[in-house]
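Structures are listed in the sections that come next.
Next come two complexes, and both contain chain A; in the first it sits with chain B, in the second with chain C.
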Partner chain A sequence: MKTYDLSNNSLRELNQALHDSVLLASEPEWRITNPNGAHNIACGLNDDVSVDIDGHAGYYCAGMNQKASITVHGNVGVGVAENMMSGLVHVKGDASQSAGATAQGGLLIVEGNASARCGISMKGVDIVVKGNIGPMSAFMGQSGCLVVCGDAGEALGDSLYEAHIYVKGEVTSLGADCVEKEMRQEHLDELSDLLKRADIDTDPSAFKRYGSARQLYNFKVDNASAY
Partner chain B sequence: MTDKPTNPALRESATFGRDVIAEIQRAAETGIYDIRGWGAKRKVPHFDDLLFLGASMSRYPLEGYREKCGTDVTLGTRYAKKPIVIDTPVTIAGMSFGALSAQAKEALGRGASEVGTSTTTGDGGMTAEERGQSSKLVYQYLPSRYGMNPDDLRKADAIEVVLGQGAKPGGGGMLLGQKISDRVAQMRNLPMGIDQRSACRHPDWTGPDDLAIKIAELREITDWQVPIYIKVGATRTYYDVKLAVKAGADVVVLDGMQGGTAATQDVFIEHVGIPIMAAIPQAAQALQEMGVHREVQLIVSGGIRNGADVAKAIALGADAVAIGTAALIALGDNHPRFEAEYQKLGSAAGYYDDFQEGKCPAGISTQDPELSMRLDPVAAGKRLANYLRVITLEAQTLARACGKSHLHNLEPEDLVALNIEAAAMARVPLAGTNWVPGQQF
Partner chain C sequence: MCGIVGLYLKNPVLESRLGELFEPMLIAMTDRGPDSAGFAVYGDEYDAGVKLTLQSDDAHYDWQTLADKLNDAFGSLDSWFQNANVAVLKLASEENKVLSWLVENAPDVRVMSAGQSIEILKGVGLPTEVAERYKLKNMRGSHAIGHTRMATESAVTLQGSHPFSTGMDLCLVHNGSLSNHNRLRDKLKRQGISFQTDNDSEVAAGYLTWRMAKGESLNQALKSALKDLDGFFTFTIGTRDGFAVVRDPISCKPAVIAETDDYVAMASEYRALADLPGIKEAKVWEPEPAKVYVWERDGAKVEAA
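For the complex of A and B:
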């Protein structure tokens, strides 16, 4: 395993190395020490590598990740795994705002809580949060799944498209055009699979499913009060 | 609209003109505000209100047909390892595949590449046709992030972080369902036929301090190779440009209220933002005060139509301009040969602006396969290249007349204004005087 100490080396050199496919072929496992909340750690990765970050990371950690498995042994700042395409990002602590924003694929696991706008404009990513999530989460979520084992804040799923939302705890309020929906077997199967992948042992039937009422899909003046 | 009545005693209201009455009647009947394409149609102070002071005794002109007048521009010299060098200061503004047909996007790439300039993606991602035909392609990074992916990001020659556009500063967008074809839906990860809403705010940053980190992220992902632009609609330009520079922009793109859109509320287009002529001096002042004028390049857009506009924009402080509406017209938009079809749509050649409906007879602002096929990307690209050459030559003509061996040597001192409004906005003297309204001497 390659160890990289961010207290003695530059972020630029680290990310450049993590973009070097030839280097990564011989060094597929990385440990980053002393991140000290630095922004943009391990963003833009495009290889099947494993990266462990020992400590807290700042904004956009693992941004636009493709293929890589990145584990943060601490908390993360705004926009962890934003626009992720594939791979795995696992946050052992809490996540700040906009976790998994606009991400198109892969799996984001947050062991703690995630703040506001978790999964905003999600486009295919699967997000599993063991704790609670903040307000305006899954805003304009297009596809993918957001699983919340705790509670969800205000305006969950506002202006939702086709993303699936599963919440075990309380939902403070639903956003425009987001409604509770029937939990069918296909959804239980989908949820069970995600919980299993996140290594969470809990009963899927204890969750409620939320989705789009699809009333705002085409502009109608009668819906003006909903905007 | 009926022609003006012949009875000379009839008096039309200046406040409630026939167009105003028609709009009130339309609103009363439909209950929906008017959405349309194009940019502001109202008359605003513009470059036509400025004149160049050609050389005579006190200035020495360059020979029009023999002495060189440079037009090249290098964009992104501040931080990027690979700045973009364009041969003409006229670039193609961001317009999406979705709003435009794939053929139109390809034609824009072909025309721009033929004359050595750049073209720009839009909301909805990068198409293979566009990348393939564009020698220099700027990839827009928009709030919606439709079609955004790191593979295309790394294929781009520059990245343009879009905060707003001149037609609707402060507003998002809406691509109506009739233009969400199967391919558009797939690129944007949306169901077919639904209205695609584009957010007005980015989902993962708020404010210039966050933006600085976001820009650093984009640079890290692309290994600091390509320039990063920040595009803003012209409003509080002086402050916006300062913040853009602080956030780390290589290039600031400034879009005036005359800039076009694919679909926005008419009330937004006509009543938000300021004319580009009023914005450029503010931007130049901000860049000069920060000591980065010409180091952080300024691209301006919104109503650029000819070489005079290009030269005047540069004289006021821009490094380059971008064209959208004019480029579409060069491709074939609003051409009289489609007059009969424009009439069927309730419009006319020269007036057509219902880009949101997807019924463009010219095959440009549509996703209808049959209509799109009407546009030959090779021929349309050639027309665009011709037009770009013409306006570049026009700008050179004016620069030489002012004694300038490069377009960038044009300066505000070369200009005067025809009226007080233009003098105040452009910060140049009223013609025949040394009076610049609002400035001390």
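For the complex of A and C:
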């Protein structure tokens, strides 16, 4: 395992090294120490490597990830795993706002709480939060799943497209066009699989499912003639 | 953008190190606000009257003469010292009388703060320059709040720099922008609150001064602010013995709080907290939107809305 101390080494050099496929072939495991809230740690990785970050990370940690498995042993700032394409991002602490924003694939696990706008405009990522999520989460979510083992804040799933939302605790309020939906076997199977992948032992039948009522303007075929 | 920081010591043993602990927090937020910076330090309490922090744009201003004149007028100047282009004076007199005298007799001098404990120091320039100018590192006290500014709503001037104070010992730093500040300023002026600038954040400070003058606690005043202030904000507020953090319901503007047995610290970003002692074992969390967090001297209690 290669250890990289951010307290006395450059972040830019680290991110460059994490894009060096030749180096990564011989050093597939990295440990980053003293992140001290720095922004843009381990962004845009393209290789199947593992990265452990020992401490709290700043904004956009593990953004645009492809294939890599990134674990943060602490909290993360705004926009963790934003626009992730594939791979795994695992936050052991809390995530600030816009966790997993616009992400198109992969799995984001937050063991603590995620704040406002978790999964905003999600486009295929799966997000599992062990704690609570803040307001305006999954806003305009297009596809993928958002699983919340705790409570959800105001306006959950506002203007939702086809993302699936599962919440075990209380939902403060649902956003425009978001409704509670029947939990069928296919949904229980999907949820069980995600909980298992996140290593969370809890009963899937205790969750409620939320989705789009498909009543907003953009869902009406009558409006197609406007274009 | 702007960056804000605050450090409230629960353990008095650390008070001699307030400046040394706080300076790196302020400088860590330079990226968020490189055009001006400021801070309020609470300490060196003076109970016999009022402690004033006065500033002059003239680097060679004759503070000794002003101090002598004040002593002649009131006969009550207990002590004073100069710090760069600022002087801190302690007078065993009423705040209003001294401030009126200053308007008449020293109109070119700016009152940065008035109270029993507060000293506000601020100016244009990089946070590291402002901190060095006033020797922040050597300051002692119980709590401090600071701001690094990237101006949006008013000019890059000393007057537009934070913290803003509109009443005894109360001051505020703000990350965000308010949209209803003009109308609110007019309303507060009619209630007798005076303003020195067109800045939106000064209106927030004036609002809190007004509510607390009506007898509200810091916690109540901040709950009222959540109803009456429109816009984006993360505020950190200092009073003589209190410290508070509040974010608007949309919570676009960041904040993180760290708490140990020794202190409560807040910053726009965790980066600013990374060098504090014991931070690895601290409870670190993001304050929730529209929730008021207050710590006050009597038992360092937490009041949440």
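In the analysis below, the second predicted complex is superposed on the first by the 217 of 227 C-alpha atoms of A that agree within 3 Å, B and C clash if a C-alpha of one lies under 4 Å from a C-alpha of the other, contacts with A are read in each partner's own complex, and residues count from 1 in each chain.
Simple rule for what comes next: contacts are C-beta pairs under 8 Å (C-beta built on N, C-alpha and C of every residue); 3 or more make two chains touch, one makes a residue touch a chain.
Note that the structure is a prediction, hence the values are computed from the model and not measured.
**Q** Does the superposition put A:78 against chain B (first), chain C (second), both, or neither?
**A** After superposing on A, A:78 lies in contact with both chain B and chain C.
**Q** Counting only touches as set out at the top, which of chain B and chain C does A:204 meet: first, second, both, neither?
**A** Neither partner.
**Q** Identify the partner contact of A:38: answer first if only chain B is touched, second if only chain C is, both if each is, neither if none is.
**A** A:38 sits against chain C, while chain B stays out of touch.
**Q** Based on the superposed arrangement, let me know which partner A:64 touches: chain B (first), chain C (second), both, or neither?
**A** A:64 sits against chain B, while chain C stays out of touch.
**Q** Quick check on the superposed pair: does A:116 touch chain B, chain C, both, or neither? Answer first, second, both or neither.
**A** A:116 sits against chain C, while chain B stays out of touch.
**Q** For A:157, using the defined touch cut-off, is the partner it touches chain B, chain C, both, or neither? Pick first, second, both or neither.
**A** neither
**Q** Please determine whether it is chain B or chain C that touches the greater number of chain A residues.
**A** If we count touched residues of chain A for both partners, the winner is B.
**Q** Identify the partner contact of A:98: answer first if only chain B is touched, second if only chain C is, both if each is, neither if none is.
**A** first
**Q** For chain A, what residues appear in both contact lists, the one with chain B and the one with chain C?
**A** Residues common to the chain A contacts of chain C and of chain B are 58-59, 78, 97, listed in rising order.
**Q** Which of the residues in chain A come into contact with chain B in the complex?
**A** So the residues of chain A touching chain B come out as 11-12, 15-16, 19, 39-40, 43-44, 46, 58-60, 63-64, 66, 78-79, 82-83, 85, 97-98, 101-102, 104, 117, 120-121, 123-124, 139-140, 142-143, 159, 161-162, 217-219, 221.
**Q** Considering only the defined contacts, which chain C positions touch chain A in the complex?
**A** Contact set of chain C toward chain A: 249-251, 254, 256, 269-275, 280, 284-286, 288-289.
**Q** Where on chain B is chain A touching in the complex?
**A** By the definition above, chain B touches chain A via 30-32, 144-145, 148-151, 153, 174, 176-177, 188-191, 193-195, 197, 199, 203-205, 210, 213-214, 216-217, 220-224.
**Q** Looking at the complex, which residues from chain A come into contact with chain C?
**A** 36-38, 55-56, 58-59, 75, 77-78, 93-94, 96-97, 115-116, 134-135, 153
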